[in-house]
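Several structures are given next for inspection.
Look for chain A in each of the two complexes below; its partner is chain B in the first and chain C in the second.
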Partner chain A sequence: MLAGIDYFIVIAYIIGMLLLGLYFKKYVNSSEDYFLGGKSLPFWAIGMSIVVSDIGALDFVGVSGQAYRYGVSVGNFDWVGSVPAMLLAAFIFIPYFWRGGMYTIPEYLGRRYNQKVRTIASVTWILFFALDLGVLFWASAVLLNVLMGWPIWISIISTAGVVGLYTYFGGITAVIMTDVVQFIIMFIGGFALVFLSLYEVGGWDNMVEKISTMGPEYRNHFDIIQPQDTKSPFPWTGILFGLTFVMANAYMIGNQSIVQRCLTAKNEWHAKASMIFGSALKMFIPILVLFPGLMAVVVHPGLLDGDQALPMMIKSILPPGLVGLMFAAFFAGLMSSVDSLLNSTATLFTKDIYEPFIKKGADDKHYLKVGQITTLVLLVVGVATSPISSDFPGIYVAIQTFMSYFQGPIFAILLLGIFWRRTTEWGGLSALVIGIGFAIYLNVFKEQFFTIEDPFLYISWWSFLLSFIINMTVSLLTKKHSDEQLQGLVFSSKILVKNKTV
Partner chain B sequence: MKPNEIDAGIKSAQINNALGVFIFIFGVIVLFAMIFTDTFIQHMTDMVAGLLLIAIGGGMIWRSRNIIKKLKANKE
Partner chain C sequence: MFNFDWLSGVSQETAKMIFLSLYGLIGVLVLLLPTEYVYEGIAKEDRHWYNNLKLWSICVLAILASIYYSF
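This part shows the complex of A and B:
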């Protein structure tokens, strides 16, 4: 349970975030302000925002839990699973999205393929984000329950209330700027926890020695590369093919909540720089999220649920004041992930579903209102679906499982869409539909195909490969696009050297 | 500088100022929490974390107020 000062810090943080978020209301006058921050934000704020919304609550609790169970190999998600993909996004993909004045990734797919592809991709992301919201709310409830003793439903509803209010009024400017504060708090709180945890276990060498002598199940805890027959969800083949080649790229290039941030940049240079800056910051994340989980093996051996490792470490290691700071940091990560999903889903729904299908040609204020109402509806959906995530053994794996259904197919059509002029609308559509169906099939019958516990990395790889092949095959059999239709949508080496200011 | 660029600069500085105030206040609270710690290492950790937040927040306030002053002078 928290001491008085820690309660005060957490409450002050929550109220402060709310006030800060509401302050940005005055900068929202149009739908472009709400969804793209008026295209006026600097690279450093966007870079911090990308990192903090990505690591969020899931990494703090989930990755620490995975590090407790499986060791350092989970760190691959933030190194090879992020940095190369972010650089690829910065130099190749972001310039096309930014120059095209796009609001969403499905909007690009719609221009490159057809409206059906845009709609399917958008609906898929909306469904994923809605489920993701539930997982995030559940993650908050677990930590609040351990640290503050609040009932789960009370903590879910209070998180939803605070984040919902500032996202509703301030749009993406509030989302990104509160992320900057959250980033600073998270880094300071995270490094303090690592420092004190190292002190508690007697230094790195002492910790390695203790864990290595704890039994055969800890033999591979310090191997960043796991053998193919490992029982952990991170065999090297899955890390290389599923994570590095597919999921990382799909996440950094095809994830609306990440890419939308870059589209708020004041010019193309800032858009690219935000991703590059974010990739540099991302390299520190494993230190913050993985080490506390590892050190919990020594300090709290034998925990039944690995996801309890971080809350237990915070509770037992940190001094008064820093417990509050660290908890605020966790809460910051959670709020950041939630506000990103809310704003991105509102953007997807308004731009890809509402505007083309429900009410075309309305005035800008109308779409602004629709975006805000969608935010409120999503909050309710997220709160209502949060108990689903309690059925999964690890929060982080639950998210990866949801994502593996469609990350591979969407990345396959994005990749071919940019790099292969010959790909056609029917190629893209068939690859997307069959790829998602195949991923669901693999996940339902995973025991028959895979030996590891959670094969989400393999599922994303095989669904990507199938979508890639189908897209190429069907495209070769159908009518190709004209050069005019492809203008500004396919790769040209000029994009690497020229910046454009709008 | 064009008037719209000045306005954008002022907006950006106002945002940074607000962020700075928040971080600064939070740093003061963490620094205050030092009095509740038991050991020297805990004491120092609270102090370093609090001072870091105060430095970052204070720096943001100082820089953004300077920019606002400069841009408003340019505007006039």
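This part shows the complex of A and C:
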């Protein structure tokens, strides 16, 4: 439980976030302001927002738990996964999306392929985000319940109230600017825990020495490269093919809640710089989430559930005041994930479903209102579905796993869509549908195909590869798109030297 | 095949070199980008060396490669 000073920090944080978010209400006068921040935001704010949205509180706990069980190889997710993908996004994909004035990734897919591809991609994202929302509300409520003693429903409604209010009124500008504060709090809280934990274990060298002598199961704990035949989910082959080549790219290039932030940049340089700045900040994430998990091996050896590593470290290492700050950091991660989901889902629904299918050609104020109402509806859906998490404790992992199966096919059609002029609408559609089906098939029968514990990295690679091949084959068998249809949608070396050609 | 058994002969040291080479390859590709392109969005008279996104990228890659090498 928290001490008096901790309560003060947490409550001050929640009220501060609400007031800061509401301040940005005055900047929202159009749908572009609501969904794209009026294309006025600086790179540093967007970069921080990308990082804090990416690493939510549940990941904080989960990654520390994985570091406790599997060691430093978990760091691959940021050190080799995210950074190359963010550079690819910054220099190739983001400029296309930004120059094209796009609001959503499915919008690009719709222009490049057809409306069906756009709708499938959009509906999948909306379903995923809406389900995730309920899970995150429940996780926030459990945190508030355990640490503040608030009843679960009061906790859910207060989280939804605070985040919902500033997202409803302030749109993505409020989301990004509150993320900046959330990022700073998360880093201060996280580094405080790392430094105090290092002191507790007697420094890095001492920790390595102690863990190395703890038995054969810790033999590979400090090997960032795990052998191909490891039983852990992170063999180097999975990291290279599944993570570096597919999942990280799909996440940084194809995830609406990440890319939408870059589209709010004030100009193309800021759009590119936001991703590169974000990649620099991402280097620190393994230090924040992985190191406490490693140090818990020394401080709390023999935990049956690795996910207990971080909470145990917070409880045993941090003094009053810093516990409140760390809790605020957790809550910051959750709030940041919730506000991102709300705004991105509202954008997807308004732009990809409502505008093309329900009411075309309405005035801009109408779409602004639809975006705001969608945010409210999502809040209600999120609150109503949140108890599902208590009935199905593994639902968060299940949702993330489901999403990982969508990543391979979506990245295959994005990659070919932008780099290969010959790709056709039927190639893209068949690759998306068959690729997702294949990923589900591999998941259902994973015991028959894979030898590692959780083969999501391998599944994303093989579904990507199949989608890639199907897209190429079907495209070659169907009628190619005209040059006019492809104008501004396909990569050309001219983009590098002549801006106006795209 | 699905488990990449055909790569079981590759040692962890070689695998690490593959990842480090990947950093190098990305660095080379970044350096090949025209300077004009990385400054796009900033008026010509306001361009400074610290706005050069190639420099940013190379710094990030160099730091990361060092961290990776040390593990």
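The working rule: the second predicted complex is superposed on the first by the 450 of 502 C-alpha atoms of A that agree within 3 Å, B and C clash if a C-alpha of one lies under 4 Å from a C-alpha of the other, contacts with A are read in each partner's own complex, and residues count from 1 in each chain.
The rule we apply is simple: a residue touches a chain if its C-beta (ideal position, glycine included) is under 8 Å from a C-beta of that chain, and two chains touch if they have at least 3 such contacts.
Everything quoted here is computed from the prediction, not taken from an experiment.
Clash-free side-by-side placement of chain B and chain C is the outcome of superposition onto chain A. Look at A:Ile185: by the touch rule set out above, it reaches chain B but stays clear of chain C.
Once chain A of one complex is fitted onto chain A of the other, the partner contacts of A:Ser40 are limited to chain B, with no touch recorded for chain C.
Contacts of A:Ile5 after superposition on the shared chain: chain B is touched, whereas chain C is not.
When chain B and chain C are set side by side, the one touching more residues of chain A is C.
Contact with chain B, but none with chain C, is seen for A:Met177 once the two complexes are overlaid on the shared chain. Aligning the two complexes via chain A yields an angle of 90° at the C-alpha centre of chain A, spanning the centres of chain B and chain C, rounded to a multiple of 10. Contact with chain B, but none with chain C, is seen for A:Leu325 once the two complexes are overlaid on the shared chain. Of the two partner chains placed by the overlay, neither chain B nor chain C lies in contact with A:Leu198. After the two structures are overlaid on chain A, the closest C-alpha atoms of chain B and chain C sit 14 Å apart. According to the touch criterion, chain A has no shared surface contacted by chain B in one complex and chain C in the other. The residues of chain B lying in touch with chain A in their complex are 8, 11-12, 15, 18-19, 22-23, 25-26, 29-30, 32-34, 36-39, 41-43, 45-46, 48-50, 52-53, 56.
Chain contact summary for the complex, chain C toward chain A: residues 2-5, 7-8, 10, 12, 15-16, 18-19, 22-23, 26, 30, 33-34, 36-42, 51, 53, 56-57, 59-61, 63-64, 67-68, 71. Residues 3, 5-6, 8-9, 12-13, 16, 20, 23-24, 27, 40, 42, 173, 177, 180-181, 184-185, 188-189, 192, 195-196, 199, 266, 319-322, 324-325 of chain A touch chain B in their complex.
Those residues of chain A lying in contact with chain C across their complex are 72, 75, 79-80, 83-84, 87, 90-91, 95, 222-229, 235-241, 244, 267-273, 276-277, 279-280, 283, 442, 449-452, 458, 462, 495-497, 499.
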